[in-house]
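Look for chain A in each of the two complexes below; its partner is chain B in the first and chain C in the second.
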Partner chain A sequence: MPEIELINVTKTFNEGKVLAVDNISLKIEDGDYVFLLGPTGCGKTTTLRMIAGLEMPTKGKVLINGKNVEAIPPEDRDMGFIFQHFEIFNHLTVWENVTFGLEMRGFEDDYIIQQAEKALKTVGILEYADEYPSVFANPGLQKLAIARAIATGANTLIMDEPLGSLDPKVSKVFRHELRNLVKDLGLTAVHVTHNQEQAMAIADKIIIMRNGKILQMGTPYALYENPNSIFVANFLGETNFLQGFVLRLLDHDLMEIWIRLGGPKIICKNPGLKFNLDNNIVIAFRYEDVYLFPMDYDFKNSLYDWSEMEFFTVTLESSRFIGETKRFYLRLENGDKFTSVKPGTFEENFFSGNQILVGVHQNDIHVFKAPSDLLYELSLS
Partner chain B sequence: MLRKSKVDQEAKTNLSFALKFDRFFSKPVYRKSLDTITIIFFLLVIIGPIINIFSTIFFNVPSIYHDVFADELIGDLQWINILKSLGVSFSVATIAVIFDIIIAFPVSIILTRYHFRGKNILDALVDLPMAVPTSALGFSVLLFWGIFGINPGMPLIILGHIIFTFPYIVRNMKIVLEKSDTLYEDAARTLGASGITVFRTITLPLMKEGVIAGSILAFTRSLGETGATIIISGLVETAPIMIVGFRRQLQLPAASLLAGILIAISILLLFSIKFFARGGHFPIKGVLPNFERLLSNKYLRYIRDGLTVIILGVVILIPSLFIISQITEGNLVEELFLGRDYKWAYLYTSFISSVEIGVLAVCINLIFGIPFAFIITKRKWGKFITFLDTILDIPIAIPSAALGFAIFLFWGPAGIGLFQPGFLMILFVHVTFSFPYMVRPIIGVLESSNEGVEEAARTLGASNLTVFRRITLPNIKQGIIAGCIMVFTRSLGETGATIVVMGSIRTIPVLIVDWVEANAYPSAIFASTIVIIFSAFLIFTLRAVTKKRGV
Partner chain C sequence: MVEIELKNITKTYGKTPVLKDISFVIKDEEYFIILGPTGAGKTTLLKIMAGLEHPDSGKVLFDGKDVTAKSPGERNLGFMFENYALFPHMNLVENVAYSSRVHARNKEMTNALVNQVLMMTLLTGRDNAFPEELSGGMKQRVALCRALMNLEQTKLLILDEPLKALDAGLRMNLRQELLLMAKSKELDLTVIHVTNEEQEAMMVADRIAVMNQGEIIQIGSPHEIYYHPKELFVANFLSEINYFEGICIKNETPLWDIHQKSEQKDKFYAEIHEHSSPLLLDIGFNNQFAAYVKNDFNDQIHHGDKILLVVRANHMKIRLGNRLSRKSNSFIGKILRRKFMGVFYRFEVIIRVKSKEKKIIITIPATTEIHNRFLEDSEVTVYFPKELGIVFKYPGEQIIQDILKLE
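Right, the complex of A and B next:
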């Protein structure tokens, strides 16, 4: 059973001038569908290539099933690799592409035919078997790349942006097919992408990388609900950030913070009592966690419990219809801006320039220590 | 389903012999041995003789000084002659290259940016002089301009050199023009630039690399040409002709000095251009929109294109093919077949020797050229690769007569003493000067080929050698074929180096020189026509092969 483990792995290029992967450790359990997620150039593809044996770590160890694979060349690692640009053999037919790996393993002809047919049927391109790959556009090539990788019977599937070349719509449909395929075959899958939505949609586990380091790993839900850094909070989903400082420490792990330049005062959780008086902090809350109310909303007769909600007044700058939701661009009295995407009940009556009451649940507010350069933390590269 | 664990018991695996062989020889130790052998071959066979000539000069300073500078009878006359010949060679090369560049600009643009019927044929005709043995070309030039009363001498040498250096410049300009997108030019036009302004500010900077690369090749080819020059030079002596002369008179010290000087100058030229010229700019920066708009006038363009085609025809195409029309002149049958000196037998044996040498040179260069191209493109040895890559072009840059003489000194009785002048030494010379022609096209396709496909094959379980055999080779096939044809045509056409090391064997180009010198014109015309047709066939094959990829 494949179980992939990286221990303190570092990879540098150009004689140490370029640091691609910086001392990372991770473990991928058998049968998991794991995503390596991060902006372009974060070292995720290099990590993938080290697992497949196409690159050698500069430092550290790669273990497969507890065994150091340093001396094992890629051809003996028994992994199916789906390349970002497919890397289909254009001088071979579709059928020859798929049988290539089986032939390399020296299987008998009957078995090769059986496996290749199965693989081509699985992705639905069996009728193109005798054509050359040039008949395909990107989706077809993608399917062929998948068929070629799974035909050999490898039990680990390694994918580098396997949906990157598809249209957004096609990619959305195809990603579920891909997950079903991996789960049906019982494969361990490692999938690299820079597309957060894709990872959230089909991952068992997500590993977020930036500048060659792992920032956080966990299930999509855990990462979304409890980001451990401003970058992760910003990278997964759409998030508002406001700067302020701790005004007062309260009982029950609570604290009062004051948004800078005379903004509103807000009470939120003080996780692990990490923060002290006068600490500079950044609070983060998701676009969809910002509730909007008319100024004269009657909370007493509401069906809901608003007790842990924090309220403050804002001005509506503008709003925009974007399909299933509407986006509201809001301004605090100190000039700070943020956004809400709630499809609510009252929003029809809001117009630009209106004063609006905004509510955010205390649990939805994440507090981080103020970084020296917030703009850098918020850049997605 | 597809998982192997379940089917392991039922599916037997049995690696074929080829796969087992690949797997065994894919071990790093074999790759390293092949790398080592290839580099030793390169340094010893290709570069060794060239370095050797400098040490020979160094160790023989007294005899060189005595022969060249202080002869009892003629004093330093030889030195003066050497300087004179160098002067002739450089002025011929400079004038020919400048003329080529001027004509090559409009020709390369016509051949890449215009669309007209017969473009392909014109394109092939422009390439043809590159493949035809220069002695046949030179003879054709001699006959053509003879009609107009231009006798052997400086003007005829220049006219001849223009012809066989021209394809090198056009070809390199064309490659750059074909690669560069017309979108840039279109964009400049939408911004309001007239045709000439677009050419000068957008197209010309793109062509810079091509012009420089082409000029180096053309210049060094002109500097080193022997075959045609012998026929058309009359009493004027260029440097390579002088080497051939020294070698014939067995004045080895003088020959080695001149060969050394020529080689040193060529290498210096090669390096200085490689390192400095790339950063250079075409000096004209200012924009003269109105003047250039005037020049871009439709009628002026017609005149320019018309003039170009006329000059191309009169100076280059017609003289180089003129000889074919002369085949019916004179009493060919009587001279070639009925003469007492059995000319037809000489023609037959020298043709066979030429082909044998060409084929063997191709084979040897194939064996060492492919691994060498791999070393240059795939190994990550930093500066050493840059070094190898730079010195790879030396055999192209240096005059072949000088190279031939260097090899004669290195392998012959004066040096290692392995061969006497003759078949094997000719073969060695041809292997040496044609090696870069084999390696460059392969490097070209390797650099443009996609490494990802090879990685994909490896993740599918193919060992290094299997990847090479099944994936890389089919992808670089055209580069290899192009290299083979280039090597063969160059070997077929080489005169200068062959004369220096040939002993009693003759190759076709040398035979043509001999016959022209012996005034056996009809036979020489016949032999030239045969090689021109043969080369034309080769060049058309080459074009068909490389059409798919810009090699």
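Right, the complex of A and C next:
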């Protein structure tokens, strides 16, 4: 059973001129479906290739089950590979595509037949065994690529944008099938993508990379609920950011923030008393954590406890029904804009130009030190 | 003002029909989306409107005038196609400003416009980069900027997958910008935008034309096609769905009749909306009946007809325990898998009745309660309000398989 560990791994190209991966350490537990996620050029593919043995680290170690695998070539690492363009052999039948790798490794015929049948059945294309890959559109090719990867009996799947060639609709259906398959077979999976929605939908754990470094790793839930940086907050979900400064420090590890240019005053948590008076800060809260109320909402007779909710008044600029959700585009008096997302079935009676009361729970407000370049932190590349 | 009318457009490549008798009108100042999977014929249709392709038969009218034989230049429009066609020898700003040369704009105005579109697409500060130095996403944005530069001359913007190569986050931002720009009062634009992403379509469109295999399946507002899809293809394309095969037991059942039936069987009770008459369905679970609002398209469903009931994953609700609801259609099951996806949790719930088993997909807003209490293996009741059920005449096994497998 595999446990993959990288210790202080650095990778440079062009005789040290290009730093692709910058001193990273990580651990992938047996049976985890792990994503390497980040914008183009962040080092995620290079990291994947080092795990697979397709690249050697310039510095640092790759361990599998505690053993340094420097001397072990990719084909002996018990890994199956799936790439964006599938790399299917079009001149071989579906069956031959799957058995080819097994034959190359010199397995017995009986074993090869058993493995190929099992793999093709698992992905649901056994009936096409004698056909050529040209009968398939992209989803079928994708399944064939997966069958080929799992037929070897590999315990780890190495995937680089495996859903990248599928139509968005197909990929949204297929991603769940892919996860279920990996979990049902008890495989460990390492999956590279730049698509955060896909990572959130499939991953047990996500490793977020930028500029060759790891910014944060953890479960989708942990990263989503507690992002450690503006970049991660912005990258993993739709987030509102407002700039301000610390106006007052309060008891119980709370503080009062004043949003810039005469915006609202908001009370939020100051965990570990990280922030001091007059610190410039950025607050972040998710679109879906913005509650909307009519101006005359009767809080006194409400069933819910609104005591830790921060309220302020905004103008509704426009709203939009997009199926699963409804989006409300809002503007503060100081001109700052932000957005609220509600379920598509949310019933409301708001019109553009209306004043609306907005509420955000103190627990849903994340505070970050104002960066020197907010635009850079918010850029997704 | 630009109103576009297509009349009986057909197009065949070799022996393959790409467009089959397409007719519709795009209204002045409308943001019109053509949505469909790869190979549906979307881009061909767009090229015919732009004058880059000619139909085998049929007419293209702009403001009532026949432009079928006119070249793209004579049609006065801004367009952006998937292969961005940037000039490799010009830097970013020169590429973007190129149309100003053609239109002999003064320098100040050009600069102001260039700055505006670069800011909007987050390209500011890359002025001197040449196309080969730019990533795919950046090239796409440059191409978009170039199309946007034309807008004071033309009132028609044609966009083929304008946001395709971009990262998800950037795509979300740009969608909103595109819409704001298209709707700005100064520009009075008509926009035709092709995409294969349903979220993108829903987010910007006034109306959406859903295409498949060379045909327009349905045209309507996002709300219409979402709540009243005309066919299974449309229903499925817009979100993850659950479907049930069954039989229509009764059409236009009066209120008292349902009461009576449900009392009798002690299984199911349906509240009825004022303005709708329900269908009563047997979908084979526990002899439960389900009643649904009729939509515009299922008039033709009669007593005894085989039907397909569709319920969107996000219209299913879930609660702990195993009490069947008397107010809505409900099933008892067990959570097989759950996955946190950010805004939503996605559940796969197995419902079993005797030997019959079915997997139901549910997506619901993520809350602390869901996170803490709705765990795998929990026994749950799954239900949905009857007005959110969509009923189609049974389209046949093969069609269902083709649509749901998307191949």
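Just so we're on the same page, the second predicted complex is superposed on the first by the 376 of 381 C-alpha atoms of A that agree within 3 Å, B and C clash if a C-alpha of one lies under 4 Å from a C-alpha of the other, contacts with A are read in each partner's own complex, and residues count from 1 in each chain.
In this section, a residue touches a chain if its C-beta (ideal position, glycine included) is under 8 Å from a C-beta of that chain, and two chains touch if they have at least 3 such contacts.
Remember, predicted model here, so these are calculated numbers, not experimental data.
Chain A superposed: clash or fit between chain B and chain C?
Once both complexes are aligned on chain A, chain B and chain C fit side by side.
I'd like to know which partner A:Glu238 touches here: chain B for first, chain C for second, both or neither.
Touch status of A:Glu238: second partner only.
In the overlay, answer first, second, both or neither for which of chain B and chain C A:Gly323 touches.
A:Gly323: touches chain C, not chain B.
With the two structures laid over each other on chain A, which partner does A:His91 touch: chain B (first), chain C (second), both, or neither?
first
Just to be sure I read the superposition right, which of the two partners does A:Asp298 touch: chain B = first, chain C = second, or both, or neither?
neither
Can you report the least C-alpha distance between chain B and chain C in the superposed arrangement, rounded to whole Å?
5
Chain A touches which residues of chain B in the complex?
Interface residues on chain B, with respect to chain A: 1-5, 7, 10-16, 19, 382, 450, 452-453, 455-463, 466, 470-471, 474-475.
Once bound in the complex, which stretches of chain A touch chain C?
39-40, 136-137, 139-140, 167-170, 172-173, 176, 179-180, 183, 194-197, 200-202, 219-221, 224, 234-238, 286-288, 320-325, 327, 329, 341, 343-345, 379-381
Quick check on the complex: what are the chain C residues that touch chain A?
For this pair, the touching residues of chain C are 37-38, 122, 135, 137, 167-170, 172, 176, 196-199, 202-203, 222-223, 226, 237-240, 314-315, 337, 339-344, 346, 348, 363, 365-366, 371, 388, 405-407.
Flag every residue of chain A that touches chain B in the complex, lowest number first.
Chain A reaches chain B through residues 15, 52-54, 73-81, 83, 85, 87-89, 91, 100-101, 104-108, 111, 115, 118-119, 122, 148-155, 158, 184-187.
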